[in-house]
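We just call them A, B, C and D in the order they show up, numbering each chain from 1.
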Amino acid sequence: MALHEAKGATYWVIPDAYIPEKSSGGLTSHESVCVLNTSSEDAQLLFTIFFEDREPVEDIPYLVEARRTKHIRTSTLLQEGMPPPAGVPYAIEVKSQIPVIVQYSRLDATQAENALMSVMAYPVR
Amino acid sequence: MALHEAKGATYWVIPDAYIPEKSSGGLTSHESVCVLNTSSEDAQLLFTIFFEDREPVEDIPYLVEARRTKHIRTSTLLQEGMPPPAGVPYAIEVKSQIPVIVQYSRLDATQAENALMSVMAYPVR
Amino acid sequence: MALHEAKGATYWVIPDAYIPEKSSGGLTSHESVCVLNTSSEDAQLLFTIFFEDREPVEDIPYLVEARRTKHIRTSTLLQEGMPPPAGVPYAIEVKSQIPVIVQYSRLDATQAENALMSVMAYPVR
Amino acid sequence: MALHEAKGATYWVIPDAYIPEKSSGGLTSHESVCVLNTSSEDAQLLFTIFFEDREPVEDIPYLVEARRTKHIRTSTLLQEGMPPPAGVPYAIEVKSQIPVIVQYSRLDATQAENALMSVMAYPVR
């Protein structure tokens, strides 16, 4: 079996993270951190959440298996059982022990008709 | 006739791909992988599709002619006659034998009033 | 008077350009190529438009003055008095004789409630 | 206590800045410049605003504390008590004395159903 190389970077940043407080219409407001692991090896991620007015929450673990993508809802990044709070500006740092590629997208369903945004996360080398 | 140089990169990644299941109003939900080939030579692309829970679909071919752009609907990337499934998170890898430039855009027409997102794909050198 | 340095790159690409055919509600569907010239010197730009099925339109000139931004509507990029056609996928190449920074944004007002997208153009070095 | 490193770049550009003139529905049209300071040291920022037809407004100061993010509404970037004007195309330059990461997002609530866009700012090294 061919061995596939890990591609991308091991450290990514998303400065503008935000979970809208309201949802209406058929969909729910949410954010996704979308990770691709091109490698034949699993990628062990560590998420750190930064806030405007308090200490960061550090090193929440998440596994992305070999040759898989994961579209990770930020509401599943739990610290002591709690997700990031809605309605509060925050930022996300993603560390990985092998290179991966990270994109961030948000669906805002505050209104019944939805709004979308997406950015490639910023890789630090 | 002047010969034009190939520009960009030969390997691009889009971690957040998704075909919305519903469409309403006048437009249809879709994604486009938009490729520019600035060169005097044709570009032969190979697409690989990654999933969350199954093996990737590898090396779907696509041609972008010399000095042309193609806005490729992901629903035309067929494997054994089947497009990527709607309503399922996936990721896209684009390889090219010469440098090209790749952008990804999604129109979500789940609601009658549409939502748009776009990112430059991530180039790996 | 202090002399300000030119910053950015001299060659930028936007693979996904498109002028929606329809507008409804209070705003008009349009695209903008937004350029910042940080330098004390004027920047002379040349735009090339690439299509899916015909030869490119090359070297449409545009001036961005020293220490100014220009948010250039693509409908003002005329070749023999004609703008890029609406409803047709195309791509944009921007060359400048000095470094500038280029971003691309689209307002889609096909529906009364608008959709927005924006990307930083891709710099080729 | 561990000392954390500053990450990112010290000079960022956003060519497409714009404050929509109207708001309707439950939310207000606005832009945010979202900054993450991963370092154990405070980051002192200087914003410069560029226009299409007049001299830039230079070096508006803003502090982002150590290990914090700030989602800065552009309407709070005051020069002689005045924010950037609404309905006028402009561009933003962000300088920092230590590396930070910068993303730009806009919520357009011209219509009751909102539109969103976001880009990573362009780093100049």
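Going forward, a contact is a pair of C-beta atoms (placed from the backbone, for glycine too) under 8 Å apart; a residue touches a chain by one contact, two chains touch by 3 or more.
Because the structure is a prediction, the values reported are computed rather than measured.
Of all chains, the one whose CA centroid is most distant from that of chain B is D.
Residue numbering at the chain C/chain D interface overlaps only partly, since under half of the positions present are found in both copies. Inter-chain centre distance (chain B to chain D, centres taken as mean C-alpha positions): 31 Å.
Separating the CA-averaged centres of chain A and chain D is a span of 22 Å.
Touching of two or more other chains is recorded for residues 112-113, 115-120 of chain A. For chain D in complex with chain C, the touching residues are 11, 13-16, 18, 50-53, 55-56, 89-91, 93, 106, 108, 110-113, 115-122, 124. The touching residues of chain D, counted against chain A in their complex, run 7-8, 25-27, 32, 34-36, 38, 67-71, 101-103, 105, 107, 112-120.
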